[in-house]
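One chain, chain A, appears in both complexes that follow, with chain B as partner in the first and chain C in the second.
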Partner chain A sequence: MKARIHILYADQLTWGLSTVFRQAVDIRYQPLYIIDMDSASSEDFETIIDEILEEIPCRQKQISTLVSLFGKRAHCTPGAIFLYGHASTGKSLVVNTLMDKLKLPFVILNCVECYSQRFLYEHILNSLHQTDLFAVNESVSRIKCENMNDFIRLFKQVLSQKGLDKETVYIIMDKAERMRDMESNILPAFLRLQELSSSNVCVILLSEIVWEKFRWGTGFAEPYVLHFPEYKKDELLQILSKGCPTDFPESCYVMYLNLVLSVFHHVCRDLREIQHLVNLNFMKFAEPIRNGEATSKDSKKLWKNIEPHLKKALPTVYLREVSSSQWQRYQAENAGDTEQENTSQNLQGLSHRCHVDLPYYTKYLLIAAYLASYNPAKTDKRFFAKHTGKKTKKISQTAKFRWEASNHVLGPKAFPLDRLMAIFYSIVEGKVAPTANIFMQITSLVSLHMLTLDPRDDQIITPKYKCLVSLDLIKSVARTVNFDVVRYLYDFV
Partner chain B sequence: MDTAGSVSKGCFAFKGKKKVAKLENYLSDDEFGQSVVKRHQVGQDMWTEIDTQIQILQEELNSRIFDDLLTFAADSCSTFTLDNLETSKTMVYREIPTAALVTGVNTPDHGVMFATLVSLLKERVSPLVAILKSKDCQNVKNTISKTLSQMVDNPQLLHDEDEKEEELTQKNLPLTLSTLAQWYKHKFKSKLSPKKRRSKGDDLKHKYPPAIVVLQDFESFLPHVIQDFITIASSYLHQLPIVFVFGIATTISAVHSLLPNAVSSLLCMEKFMAPPSSEYLTMLINQIVMTPEYPFKIGARVFQLLLDIFLYHDFSVLNFVKGFRFSLLDHYLNMPLSHLCCPLKEIHKKVKVMDAEEVETIRQLPSFMRFVEENPASNQPKLLLDEKFAKEAIVDLLEKMHTYHMTLFPVLQCLHKLVCKLPKHPLGKQQREVYSLVLESNIFETDAYKQSMELLRMLAKDELEEMLKQSIDVLMEKDRKAITYLPTDLSLFMDRFNTLDDLIGEEEDKGAEDESSLKVIPKQKNMYELRQTLKEMKKKKKKLSPYEKLRSEIIDYFDSVFRKYLICPKNLPLHEIFYYDAIGTVKKYLNASPRSATQLALSNPQYHLQSINCDEEENLSSAMPDICIVYKLHLECGMFINLYDWLQAFITVISSDAEFDPKNPDQVLQARFIRAVSELQFLGFIMPTKRKTDHVVRLTWGNC
Partner chain C sequence: MKGKKSRSSGGRFSEVDKKDECINPVSKTQEILKLRLSRNHIPSEIFGRQEEKRHLKDLIRRTGLFGESNSVLIIGPRGNGKSALVQKVLVELGEEEDIHTNLLQVHLNGLLQTDDKIALKEITRQLQLENTVGDRVFGSFAETLQFLLEALKSGNQSSKPILFILDEFDLFAQHRNQTLLYNLFDVAQSAQAPICVVGITCRLDVLELLEKRVKSRFSHRQIYLFSNMTFEDYVMLFKELLKLEDDFPDRRFQSDWNKSIEELSEAQSVVDMLKRQFSFSQDVCALKQLLFLPVCNLNEMDVPRLKPAMFVESMKISTSDSKSAMLHGVSILELCLIIAMKHLTDIFEGEPFNFEMVYNEYRKFAQRHSSMQVFHKAVVLKAFEHLVALELVKPVEGGSTKIQKEYRLMSLLLHNTQIMDALQKYPQCPTDVRNWATLSIS
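After this line comes the complex of A and B, so read on.
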């Protein structure tokens, strides 16, 4: 037994030549459990692993790799493991479940939260120490730690205090890409934590980007890299089918999932998003069955029933603008209406998001800002001065030739305040006094993020703005004041 | 030891007694001051009354918006529990319940709205509410510390807890959500277990109150801060039932412009729409402005101005109320007789104590003069000389004014009901538009009114019936004693509608006869005669059907009612006491244009400085202040102004031709010039530049 451990340890020492080793692991990804002397606990161990595999489908390879890396509790593991893969490919799930089921000592840390290194250290130490901040007896005080040096020292202390120095302690760092933004010593130090603290610790980094992007500076110890690939369609199906309601025939549920995937799979492969969509539309799908209008075998009828709803949900995928309960209420309200009304209401409900109601002059200010942003300043004379009809045609032809340089492709340009006001006064109907209220509206537009103040120039003497709204929105705003905005845009003349 | 051995000098702040400014401090002791005190009380009472009404309205409106939101907040975390962490952890796909409250772009009103929301949330849903504003949250740390301090320092929680809770201050604890989560666990898990035993039923619901985070101005948050904050919050969801409320001013798509999919998929959003502020304004105008309860009224022009500010500038009801309040205060301050603008029952008392001088002031009022002239000749000298007689007349007139208001608004509403659905809306869609027409002039003399009456005469039967019903409803509302006869008259018309069907039967027979008689056109000998007969037949008035008769009767009746009641208040005697129409003052204070004021002062110094004697014609003279001369000279320049040329021009204007010596300019003049130029720079008309030596850049053009 001991010899085996030594072999494993030796493997780790040759970590630099890890490619060879990695292949080796890949080959033996079939369960390679080190047989313990206590056979009963090893049986337990295997049943736990089987349970985990049952619970998390389509991740056998990753789980067994990790399990073999972890070994038994007292075994020495690699100093750092790097898991990467797209969002919702099961990274955190796999790690958390392993930790939970195997009852390993671990600390989870979300790197987004660590706005200072102090927080990072103290969180790890206190979680290990299980400090209760609001404990009744006040003798237990919180561990304080300012830098990496103290951290290593205190870390060893805590481990020996809590009797954890006999087994591997895991530190799991989620969103590890954030560690690159922290102080430059943190990432290398954590990668070498095992070496520096000379204790049995394993740092697991979870990230959505590849390891190569982490390499900068010096002192890096290469972690063991494990990829979580995206789920394929049949894998998605397998995972989703686990969510089948207990009182619903499973074959029918799989059919429903197939339908949903057939509509959404080409736009969305995110498991989480598809799960959301599945939950959202399931009530509608099951309705005819619950009502007794169709049986679970009646696939064509069910498809006819659900298809329009799925199609409707298609343009708003990823947006999450309705919660599932609201969506269901909404579907239920519409159920009584005729189909036509249904769609029109639906469109209103969902495309309503583009509509903004602004005060009258503010609308003109916004239009003026848009024109100032997208028209070259030298063309203002042509658009807003009177009696310059002749020139229009000539330039419109040249404009067509230079379509690549279209201002709408290049994006909005900054303009000074007086240009905005000049355009405003030339397009607004009637005489408008330059009151404080008008200028206040410009600020209010900035606070609504429709305009933005250009930070480069002096913001008090010559403030420059940019217009941030889209052409569609400006068109709809202009329509409400009967202003033909396209006629004034250089790109469309 | 001598403790006062310090030699350092210091500045010590002594907190004096807090001084509350009293009315007397503002007013002089003279007669004007005394009279203001008298009016101030009346005005103050009036405002308190109006203000409470506004508060009530606001609460009503808010409760309607927020009811859904509150239930959402309460329900969203009802399944949360700390007891069995195992089950909650296995739920992988967890989303933070989020209410997206689309509030509309009227940013000044948001403060009040969210303050109410927060107090309601605290009252009804959960004591743990934090409100975050973008200006306090420039980084994640600040955001979390704000959240933490607001939730933990909540006095509601502290008073029933032991004192040791208070030691949880920002200094000795890390500012993280994990602290909050631990605090929450400690607080609610341990505390509520004995309670649960005692009363299982009602406490269960509030066992774990949600921690509500309200983001007031969601658009203005820095994207990376809010993204991080949401990500962090979502990772604590199994320990802390967090609910977000986003206040979104524009559209819901703002969420997506701020949050990438990875973050927005952590949220489970539900959209709530606040009603548009124009709806609120309509309600406010109907209940505060267009009501006989408050004798103070704003005149046509001020009303229009306040509406314009609302519709054209800011959509802010708060500002409208402010404007209304300003008008009220200004009215009571500057109108010497405004203490008579009081509730009906106090009039007798007030008029009784009036002294001769005040009666004289009333006699001076133009509307009273007109009233006197209209009186029979025998009464005129009495009105002008006999104080007692005049007082009686004044009481009478004031009471009449109140009755006028009592009748005006129901009838106005009735007219609005009739015209609001007409094609092209000659009298406008909203009731306030009709009201502003009434304020301006006699509405029945306007073209729009005539046009709408014409349109009303062409209504179909069912439409008219509907309108009649509506106007009866309007007139029957509440206790409107003044015009009880109107609804009865109208219901008589209604009855006639019902019997109309029988009449129509008869009429059809007649019509048939007529038609048959028409058909029998005697054979004419030539075309000319035929044409003549046809013309005659055309001239012959087409006989009206009974419905048409009834319709014209009804419209005539309405017309007469409107002519009787919808008189322009300007034509009534003593309207000055009730109506405030000083548009100039209101404009100056509420819709100021500082730029124009500066320009006016610079180009027309005699407007402010009467001492200068310069002709309007003459543009430049040495008598003007230096800055005005410099300003006027700079108006003639282009983008860049040469300082030397400018100085020369300045010297030419100031000094007479004889003294002028271009080679050796006076140093005093130079200094004066430089001072004027720097004053202009201070005012923002010019700016120094590096692009051209000895030049400055002009910053303003024309009027903008």
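After this line comes the complex of A and C, so read on.
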């Protein structure tokens, strides 16, 4: 289970790490701001804004609001601005582009990286001070800062050293929800940074979580809250059509995008995810055109060609269990395969979710544990005793009515060791001596997090366990030992 | 005004500004107003509060002139002018010559000095005694403070009076053993050195937070600042915040502008907006924030004056329900899950649910309606996790961590009206889904 979670989040993690490295380099090459921007005529300013609007479509309202809030360089801004919206709605993009194009003095940091407050402070100070982290000689030392008190003092010092006290300095904090997990004084202090440091500074917080959830503790100053709404379907289309390959007719590409959106828009609104899917399946879509089998106007033929592939990708949306190259290879291999069920089986095999390799008896132990966890104890007699009564039919009828009480909905129950062993002996093939080896396997299952030891009861005389694996996994385990597990499950009889 | 001060340095800048003044008074006005609406601004006149101001001024003056030790707490809700009052008093006292030279000030804030060690360092720094202390090692907090106060004694053997201002006073009460507060109040009470301790807090129960030994050393002098604003005062404040003062260079523009503000304050939509905001909160900071965007939107070409519509727009932005706004952005699948959770919450009367139950409900619905696709469990689980990440759904506290995530108990953090509201505005919402939501108990 653990491993699976890691795979799912590995994507995000590597992304986080890469930003660490990118930012470490960024500090070196941060844009040098030009102080006499004020003298630049307003026409220049207008053209820059127009450029930005051109570059970032569908975000006019947000951009213009932000620009008017920023105002002229020397003007006051709100002490804190809170931008929220779903993932990939352009929050960071808009802010970063504005900062870059308008050449404003700014520091950007991702709160995920700052697991201790020291990193937070030192990152801001050193970026503002433009300390060269890669300096060979030790003459320029990094600014060190341990607490909020020192931060405010050093912050003012750096501003006056760098001549930034005439204009607004921007501190941009991405993933601001993480600030709630830090010391309780940090978030309120940053919201009041303008007041506390009595300098012209604007803190911009970016988050996916609504502002109400940030109010906790004392000392809050309400920030200026601005919402980034999700992209509508036609807006998505407009943005995605920018990625049209140069040697491909655009009308056809738009048609392709329409197809992809019609399949995926129900389940996924995330621009980045859709972009990923678009890129993944494009080769397949363009194949008949490249081969000369169809022209770009042959929409029906193209749809016929791509539809099964998109349908196949549907169960994997968001999961990213397979890498893009794996997916493409898989698509190529199955080019001739027409049977739907077969392909979906293969796809399951691609992911490692349902694949475990265990010793023979351990597999039976795991199955026994699963049965013990999900079957009520009083039904054991019916499943495992040699002579059963005639009650079978009656029970199965009542079971259908009582889905709420079903263990597959409510979760596994704890069971004593004796019951596990009794079920184990009744399902395992051949005679097995109750040696220490068998009991060792239980411990190793616990350490694999497939079983868990119930901490509430006496752990030595009557230990109680719970089974933590999913039905899919237990089915695949049972298949390897030719055991029909579903027949023994109370919920499915 | 403060704006002038910052301009006066640097020749080139003032030149540019002079040119600006001639060209457009609008942008100049914008700059002044923005500064006034920011948090750093000290108002030129405190609204009401004359009695409290006199009281506090007297107290500090007595410390400054006669070496009397005092302690006082200023208590009142946020945005009621506590800090402004103190700052105003300090500015006015600063103009009196003998207090200005005699009185030392130490400003502490509970958000910055998070423990007494840092606080003590900061006190040393603000009293400029770092050199005197040097590398000396002290046994206890009291000893250090005593040393600091001793060191301040000037040639004629009497200590200089010190004013301690503790912002967010309640946070200092959370420090271990309340050492700082104990020592400050002790010095003040036993008249070892003339100090005046002014605490600013928004907690009405602040005295309950103090330990017995600290409480008994406090003078129990409290100044309460409660909002006694009427709506007329509020409108007056609104006008004061936007009007230009007499020292504005362009006289004609100033009178013109002020007239437009008068007209603005009588416009029905603005009065309605103010009334609404007034019944929400009488916080001055909230009002300032409301006015900030309209001021930002001023523009010499297109929008030379403030218009009522701008305020209405600003009000709309600040009062919009952010959770509903987030709900518009979720996918149909996630919306289905939310509706399923709503039904579960209805059926079990607020009892928590787990993913399997939600999936069960969703599957039952999706199978009934041919227009809906039934997605794989893994995809649905991912959508569910997305909702958890958005904190629209929250795990029930106290649940065991050693449990699969499918079975972890959750509760829904959305109200029925929010869900219905989102459904109304949801773009291209399938009718099936909408009907399902309105169904009471399936």
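The rule is short, and it goes like this: the second predicted complex is superposed on the first by the 344 of 493 C-alpha atoms of A that agree within 3 Å, B and C clash if a C-alpha of one lies under 4 Å from a C-alpha of the other, contacts with A are read in each partner's own complex, and residues count from 1 in each chain.
The definition used in the following text is that a residue touches a chain if its C-beta (ideal position, glycine included) is under 8 Å from a C-beta of that chain, and two chains touch if they have at least 3 such contacts.
Nothing here was measured: the structure is a model prediction, and the numbers come from that model.
Novice: Have a look at where A:N185 lands relative to chain B and chain C in the superposition and call it first, second, both or neither.
Specialist: So A:N185 only meets chain C here.
Novice: Taking the superposition as given, does A:A377 touch the first partner, chain B, the second, chain C, both, or neither?
Specialist: Once the two structures are laid over each other on A, A:A377 reaches no partner at all.
Novice: A:D357 in the overlay: touching chain B, chain C, both, or neither? Say first, second, both or neither.
Specialist: first
Novice: For A:T65 in the superposed arrangement: first (chain B), second (chain C), both or neither?
Specialist: In the superposition, A:T65 touches chain C alone.
Novice: For A:N110, decide between first (touching chain B), second (touching chain C), both and neither.
Specialist: first
Novice: Thinking of the overlay built on chain A, is A:V486 touched by chain B (first), by chain C (second), by both, or by neither?
Specialist: Neither partner.
Novice: Determine, under the contact definition given at the top, whether A:L314 touches first (chain B), second (chain C), both, or neither.
Specialist: second
Novice: Taking the two structures together, which residues of chain A meet both chain B and chain C?
Specialist: Chain A residues touching both partners: 318-319, 353.
Novice: Once bound in the complex, which stretches of chain A touch chain C?
Specialist: 1, 36, 38-39, 65, 68-69, 71-72, 74-79, 84-86, 89, 147-149, 152-153, 166, 183, 185, 188-189, 192, 194-196, 198, 208-213, 218-219, 221-222, 224-227, 229-230, 232-233, 265-269, 314-319, 353, 403-404, 408-412, 452, 455, 466, 468, 470
Novice: If we count contacts the way the header does, which residues on chain B are in touch with chain A in the complex?
Specialist: Where chain B meets chain A, its residues are 89, 92-93, 97, 100, 104-105, 107, 139-141, 168, 173-174, 176-179, 182-183, 186-187, 217, 219-220, 228, 231-232, 235, 249-257, 261-262, 264-265, 267-271, 276, 309-315, 591-596, 684, 687, 699-704.
Novice: Going by the contact rule at the top, pick out the chain C residues touching chain A in the complex.
Specialist: So the residues of chain C touching chain A come out as 6, 10, 12-13, 16, 27, 30-31, 34-35, 37-40, 109-114, 118, 121-122, 125, 168, 170-171, 202-203, 285-286, 289, 292-293, 296-297, 317-318, 320, 322-323, 325-326, 328-333, 354, 356-357, 360, 373, 375-376, 378-379, 382-383, 389-391, 402-404, 406-407, 427-428.
Novice: Going by the contact rule set out above, which residues of chain A touch chain B in the complex?
Specialist: Its residues touching chain B are 87, 93, 96, 100, 110, 112-113, 115-116, 119, 122-123, 132-134, 142, 174-175, 270, 272-273, 275-276, 318-326, 353-362, 418, 421-422, 424-425, 433-438, 440-441, 444, 447-450, 461-462.
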